[in-house]
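Dropping a structure here in structure tokens format, bear with me for questions.
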Amino acid sequence: MNALSVPAPELEVETWFNTPRALSLSALRGRVVALHAFQMLCPGCVSHGIPQAERLHDTFAADGLVVIGLHTVFEHHAAMTPVALSAFLHEYRIRMPVGVDRAGAGDRVPRSMRALGLRGTPSLLLIDHLGHVRHHHFGRVDDLVLGAQVARLLAESAAAAAQGCDDGRCAVS
Amino acid sequence: MNALSVPAPELEVETWFNTPRALSLSALRGRVVALHAFQMLCPGCVSHGIPQAERLHDTFAADGLVVIGLHTVFEHHAAMTPVALSAFLHEYRIRMPVGVDRAGAGDRVPRSMRALGLRGTPSLLLIDHLGHVRHHHFGRVDDLVLGAQVARLLAESAAAAAQGCDDGRCAVS
Amino acid sequence: MNALSVPAPELEVETWFNTPRALSLSALRGRVVALHAFQMLCPGCVSHGIPQAERLHDTFAADGLVVIGLHTVFEHHAAMTPVALSAFLHEYRIRMPVGVDRAGAGDRVPRSMRALGLRGTPSLLLIDHLGHVRHHHFGRVDDLVLGAQVARLLAESAAAAAQGCDDGRCAVS
Amino acid sequence: MNALSVPAPELEVETWFNTPRALSLSALRGRVVALHAFQMLCPGCVSHGIPQAERLHDTFAADGLVVIGLHTVFEHHAAMTPVALSAFLHEYRIRMPVGVDRAGAGDRVPRSMRALGLRGTPSLLLIDHLGHVRHHHFGRVDDLVLGAQVARLLAESAAAAAQGCDDGRCAVS
């Protein structure tokens, strides 16, 4: 079962690609976020996870969904450097913003991956407008299921916005 | 654009397969219905439409979605008889209820297909709990899009049920 | 193991489609023949076998390969009639010659299928220039393997033709 | 048209993976060789070319075909280092011998790639038992076509071996 509701810790990112400025979950509060954690040399990420993240953007960006990639290198660190990632993003024509998860001191698992409790790659997290992780998928997830989950979170977000609610508080607008 | 809201005319069906009793949209009022119109010799139905209808059932039946097949023969009538359809359903292991659209008098297009205004096969209609056609797809439709549309209609249905509303009227429960 | 060499019995066909005249293996002696046995309501035939037979034609017709379909109905006889097959061939845009295997008296398995010893559909037989069945595949066969088998039989045929050999006899030319 | 016959220049390789000793085309004289040139960040290589090279090995190794990968980096040199290639081969479970094409002095195209006249990646060269390039494919090549080409070269090789011929000379054995 992947339905839950826990506050998402802030991302810790060394470098961003495909975005003019750094992104943060706190600045995206009020928006629904799909966070796709991948490694550039992970076969399941290349064949399935990344194309699905791009379809999420193509399908739901107009409804307000924000799709972010997170390069969570926990193996083969010497191979999957930011320089290599940059070439990968170029060759695969990947357009979404991608952050490089910050290396942990004395830990092969990087910091955001550790804080988010990811089990590996690909992982896909759906974060609601209050900043809570509501769905946490590890491995392959079906498009019908994912489309439904995103739609429900977007509907919650729209309902809250209509009531003047944000960040857990509802104010007179 | 496929979002709309028009009352769905009742189905006119000669024979039902995979169901112990005849189905009707009026009896399904209060439920969200995915109506998949197909022909057994339509390549796009076989390769894409029917498998998607079955995935819809597998994914959303537990949430209340009803998936119904409708065999809308508008060409090659001598080939796509009920006997042939029965063999087809058996060979392709199709489990969803399927109705045979009733032939129109002097009309190669059958009655339900004409009444629903279908342009061909495969077509997929999403009908809300009030019996209104809300989405009308002709040809291929993406799973992410479809998952989101179904989720929104199921959420409407659940909200109405929670308020004691049904069939357009809200009653004290 | 599918490599062998047995004389192919002559086809017994009720009706031909996609050819102006009846075909026979005896008249095709000297040519390499790929005989694809299928049923129009067999899922594996539709998804895999028939497209592969068409690729065989597209790839090797210029080198002399003859590709023939054989509709070997051994179940659901009332559904898979010649009228239904005609609609099927039209809808799936199938261009290769297709013969309808002749029904056996008191036998649900048709005559050619019985004589050829087919185990079911899809089956693909490769028949050499001497009229011998050299490869007999039941179910799915890999394109690399198949390409190699066809190439070897075409090479034998070309070598025999270059030596003035045909039908098992080599004559001074 | 990809049929030709030119002597293959010797490979110039910096490092080998998946083989206990360095390979050379001259030492493989008498064998049919499939040489697959790729880059680890080339999408068409990952999705199509490399899996096909592995299918070639699985299908034809028992008949004597030798399949060799050649990592011909002509762009993103800082990303596609031998260290990165090693991680890539591990993650994608690639078992065939792979040589790293030697960098050219003042040339972004590496030496073997330049000498072989490759136009890009993926490229697949079929080299006969005499050491001649007989087929040179750039981009996607169909399995039926490829299976036939390999079978013809293996047949030539077997015929030459049966006659005691090797390396262009036929000797009394």
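Things to note:
The chains carry the letters A, B, C and D, assigned in the order they are written, with residues numbered from 1 in each.
Here, contacts are C-beta pairs under 8 Å (C-beta built on N, C-alpha and C of every residue); 3 or more make two chains touch, one makes a residue touch a chain.
The model shown is predicted, which means the values in this text are computed figures rather than measured ones.
Any chain bridging subunit A and subunit B, meaning touching each of them, is missing here; the list is empty. Mean C-alpha position of subunit B lies 53 Å from that of subunit D. One finds 40 Å separating the Cα centroids of subunit A and subunit D.
Each chain gets a centre from the mean of its Cα atoms; for subunit C and subunit D, those two points are 35 Å apart. Within subunit D, contacts with two or more other chains are made by no residue at all.
Judged by the touch criterion defined above, the protein chains form a single closed ring in which each chain touches exactly two others. In summary, the structure contains touching chain pairs A-B, A-D, B-C, C-D.
By the touch criterion given at the top, residues 41-43, 46-47, 75-76, 78-81, 83-84, 86-88, 90-92 of subunit C touch subunit B in their complex.
Subunit C makes touch with subunit D in their complex at residues 55-56, 59-60, 142-152, 155.
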